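Quick notes on the structure that follows.
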């Protein structure tokens, strides 16, 4: 088996590792398998990224049936970058997961947990790597179903409700997406993205295609929790087990955003969708609403995980704004923010995992004076929080820089104002927590807590460290992001 | 056409009806009707699956859930429906608007019949050597979709295990007493017991037939798997879940659950090892068509195994909940 | 099925919307799942309908038949059906657990319970 | 050692010393020696770079490229040289001072204090040496963040509130306006380097100039232009050395320094002078000067009064550049230095009064000059400089500013400066007078209520007290002397200032 097979293995390794976990049924073994599979995927993703950088888009025909008859894997800069993002997060979350999961999931089910995690990972990778709109749906379902299960594992009973609501919303979204696919298929007779893009201009003026676009967008917006379709997200993130929050928050919505990018810029790449009357306006308005509304809501939350969940909604707003700009800079901003936000949110949720392990809660009220007891953990929180605010040397700064620059190039003062205002709000909701943790005395009779174990701290700090490494030297990530943006804008040419 | 209207009627009935047993039954009928409709529309395989899965398994599961939860729906709060109605009407209107530019129903000149499909119809016979185009597309041309789909069902099964799976068996007796009232009705009935005893082997036999004949006629792994599972489910319903479990221990079903997907995925890997791309069956044998044939048989088997195991697992997990 | 034109599609749309309505308007968690089911089945019907070719037969190759219906949507829907039942199974499993945890499967009652705490 | 490496070292040394301080935290003596040594090294390094700059060289070094085509660059030009020189010299003095102060005052968390202090100085030097706006912004923000723990040092409710104001205003304005302005500049000019004669010269015209200038002027909250000045009085809850070095020198000077940089190197004095829309800055500055002076006049708490006097003095620098005449730019540059020496003297004095007598209110200082002659003598010199009388530094800078104002016949500016001079005299000289010529009011309990969080009243009021600890007094006298020396030999500063303004001596 040669390097030519890597695109297939990228997904299949994780996919096949899952049933193996199911057979072996030993927590440690399952964890080991998950670890190996994830790291292997990371390596493959990096190989793919570099070869894409070298030789340009890679096409892999599954079953050797040439597209559009068979299913094609198509890896260009964007998908390669996303693959790297997802696998990186996974590789950091898994070592972290062991301790955290043992603490939060009944021992008898741990092996199933890793099975689910692997399926989720494989599903996300499958979405990113595929070049076929229906295949995308299949893997979307794999990742969604597994994430419903993972979320429902939370200790709090509200996790069940959260998972159920997510399931309903998610299924509606998926069905909408499939309807959209059906309509496009009806008019073009193809399911292959590249093929569709070539066929699209002929039929673009039909009402059917317009409706199809609408349904695809709405379906995916449900998945990426674009305001006002976000209602499932806060609870899902809040009540899921810590490791799950970290992984899903860092990857799930990102991949959905990617899918949207694909639809808008590749499938409809030959025609300038955003120039349709209203499309751009609607996107931007929703994004702005998300950035301001969600950030403002975050300020009033009493549960830190919930604060972060709402801030995620705001961050999604950033990405959509970047997409809406439809300029190389703005798009690059969004893409690099996919990566940066994955790092910081992953890191922050991991921090909360540490807190939850020791404190058994992530309510602000319980975190008084925690910094004295868990200095390293809270320091990580401050570092991540600053990155979320977007202070220089952190990745948050980089994304903000590009988004603002893109907005200025377009002369969109309002957009600039919104972006900056939202980061001001970020100062408030982050500092609220910092002050409580640092300047409030630990209340009398509060349970004595100690610093989190190294098995949690090390991955957490690696994640947070990455936030600053890629914030200080952002040239690599930005080269890729800019390249990706240009590929997208260039359509297929 | 008339069938569709019939479905619509059922749909509304479901929306109105408050008794959930009735709702579930209607849903089953809904699925069955649609299955019939599919036959009319030449989609025999789909009809087969829908009848088995939609009308069969889904209904059973829902009934199981009702047995565990409640059978009456409370009245809906009044403000919500209006809003929902509005939303639905808008969506529907948009869709209708979208249909306006569609090619007419059954129009042979519609694009879908000319871009990709023709090759399947023309060449699949030579490329895969199977008369049933659906099967060859399913298992070979778009085999990867099917792999994904098998994994979806696998995910569901594992998920159900994870969510409501109860490893310990101590509480079974208690459950028996609790469910006695709803169960002994069936259990006592001699005719049912005898008939089912007679039916059981036939069902399994039929399942195998569907499994292996899928390449030529309608049928294949999914249908077979579901039918196979339904055999056990019937057994479990008529006799006791424990007995059924004795036949297929959770471990066993779990093992086959994994084995099936591994088989499917493994075939792909072998294909890759033999120098083709992933899921390329042509390289499995000297003659490409033979390779295709072999590959398809294997993956269909994998599908059958997983689906059967998944259905059994899911059903038993539901059944072994205490009320 | 002689009616020409788009009537079939329109009925399908009506079906879909019935399911969609049940999902969003009803409070009972089981019923929501039922709604999803109907929504999806109608969506299948939509695909199958578009696959039909007048005078065509089932896409199982045989001598002397020139006109077949389009097999591809059939394949897609086979996949979709299984996805559908998978979702249903999971959803129902969750409902069972929710019943254990809350003692009810009515959305608003659960809402109420949460707001009390 | 090449000047480039020296520049890098100047940034590295303070941060490194912060680490060492933390490591040596357990052993106070070692810890403080660490601080002293690294302060010495830093000053030595900076002094080593001076000749190069004086000779017209601009050592430049780019350690990392942060964004494509946009690196973290350090360039030493005259203005930065002057600022760095002052900061490093006064860090040394302050270290001596704070040893006496912190111990004499039994402060807690001293290790944290010294560590963040070092980081703050490193950031200040980073600001001074920044070669482009990005670098400036980075160190500007690090400065804010590193001083926050110092402001909230006591952790009391009041300190927390002060910290909130501090962080909220500085971080908020910098993100909302400064970052905005910088990226805007980047979009217009596709570069962020400081260019002699102005980066944006000829690239932007009309009202937009005024808007951009506003974004800069208010974005640089550290310049404490009203209405964004609240953080400075709030920051007075910090221990005196912090108020002295950071809020009389490092932080605030970083602010006005940035303003001067922006006006001179980003907009360019001449091209800005041509834009009518940029005129408003002068009036805002004038307003700030007068109002701040009035508030100072009315506040009884000594540190509070000093803080507001700082606010008004900072606006001297801003008004000086806003006059947009080369001579006045010289004045601005000199005033950065002059005010630094004078104001730190005053704060040191206030601190030593606190240490010795635990008094924080102006009204308590009657006759204290007899008990603490050295301290109050130094205070007198500082006050003179504030007012701008010879033989002190303040005179020199004010002279140039006024000269520039006349040259550009900005009579409004002249009027404001004269008025504020009177006000300064009005709120400083009475203190001195009372200290030396009034009778000490006996048996007067130290007031509990005070606008600063300094835990006065924690100790019972000592009626009998002498001078502050020797290290404290020494450093007070030292800075006071520096103020005078600056008047007698202003050549170094003047030379650099001329370079900044591009005027050949």
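Here the chain labels run A, B, C and D in written order, and each chain numbers its own residues starting at 1.
In this section, a contact is a pair of C-beta atoms (placed from the backbone, for glycine too) under 8 Å apart; a residue touches a chain by one contact, two chains touch by 3 or more.
Note that the structure is predicted; figures quoted are calculated from it, not measured.
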Centroid check, CA-based, most central chain -> A
B-C or A-D: which has the larger count of contacting C-beta pairs?
B-C
Centroid of chain B to centroid of chain C, CA atoms only: how many Å?
13
Calculate how many whole Å lie between the centre of chain C and the centre of chain D, each centre taken as the average of the chain's C-alpha atoms.
70
Would you mind pulling out the distance in Å between where the CA atoms of chain B average out and where those of chain D do?
75
Between chain A and chain D, what distance separates the C-alpha centroids? Give it in angstrom.
45
In chain C, what residues contact two or more other chains?
16, 20, 50, 72-73, 76, 79, 83, 86-87, 90, 94-95, 97
Can you list the chain A residues in contact with two or more other chains?
134, 138, 141, 145, 148-149, 152, 179, 185-186, 191
Would you pick out the residues of chain B that each touch at least 2 other chains?
95, 99-100, 102, 110, 112-113, 116-117, 120, 142, 145, 148-149, 152, 155-156, 159, 163
Touching pairs of chains in this structure are A-B, A-C, A-D, B-C
Per the touch rule, the chain C residues reaching chain A in their complex are 16, 20, 23, 29, 32, 36, 39-40, 43, 46-47, 50, 72-73, 76, 79-80, 83, 86-87, 90-91, 94-95, 97-98, 101-102, 110, 114
Residues of chain D that touch chain A when the two form their complex:
64-68, 134, 137-138, 141-142, 145, 152, 155, 160, 164, 167-168, 171-172, 175-176, 179-180, 183-184, 186-187
Residue numbers on chain A that touch chain C, as the complex places them:
134, 138, 141, 145, 148-149, 152, 157-158, 160-161, 163-164, 167-168, 171-172, 174-175, 178-179, 182, 185-186, 191
Residues on chain B engaged by chain C in the complex (per definition of touch)
1, 4-5, 7-8, 11-12, 14-15, 20, 23-24, 27, 30-31, 34, 37-38, 40-46, 49-50, 53-54, 57-58, 61-62, 64-66, 68-70, 73-74, 76-77, 80-81, 84-85, 87-89, 91-92, 95-96, 99-100, 102, 104-108, 110, 112-113, 116-117, 120-121, 124-125, 131-134, 137-138, 142, 145-146, 148-150, 152-153, 155-157, 159-160, 163-164, 216-218, 222, 307, 314, 317-318, 321
Which part of chain A faces chain B closely enough to touch in the complex?
1, 4-5, 8-9, 12, 15-16, 18-20, 22-23, 60-65, 68-71, 108-109, 112-113, 115-116, 119, 122, 126, 134-135, 138-139, 141-142, 145-146, 148-149, 152-153, 179, 183, 185-191, 199, 203, 206-212, 214
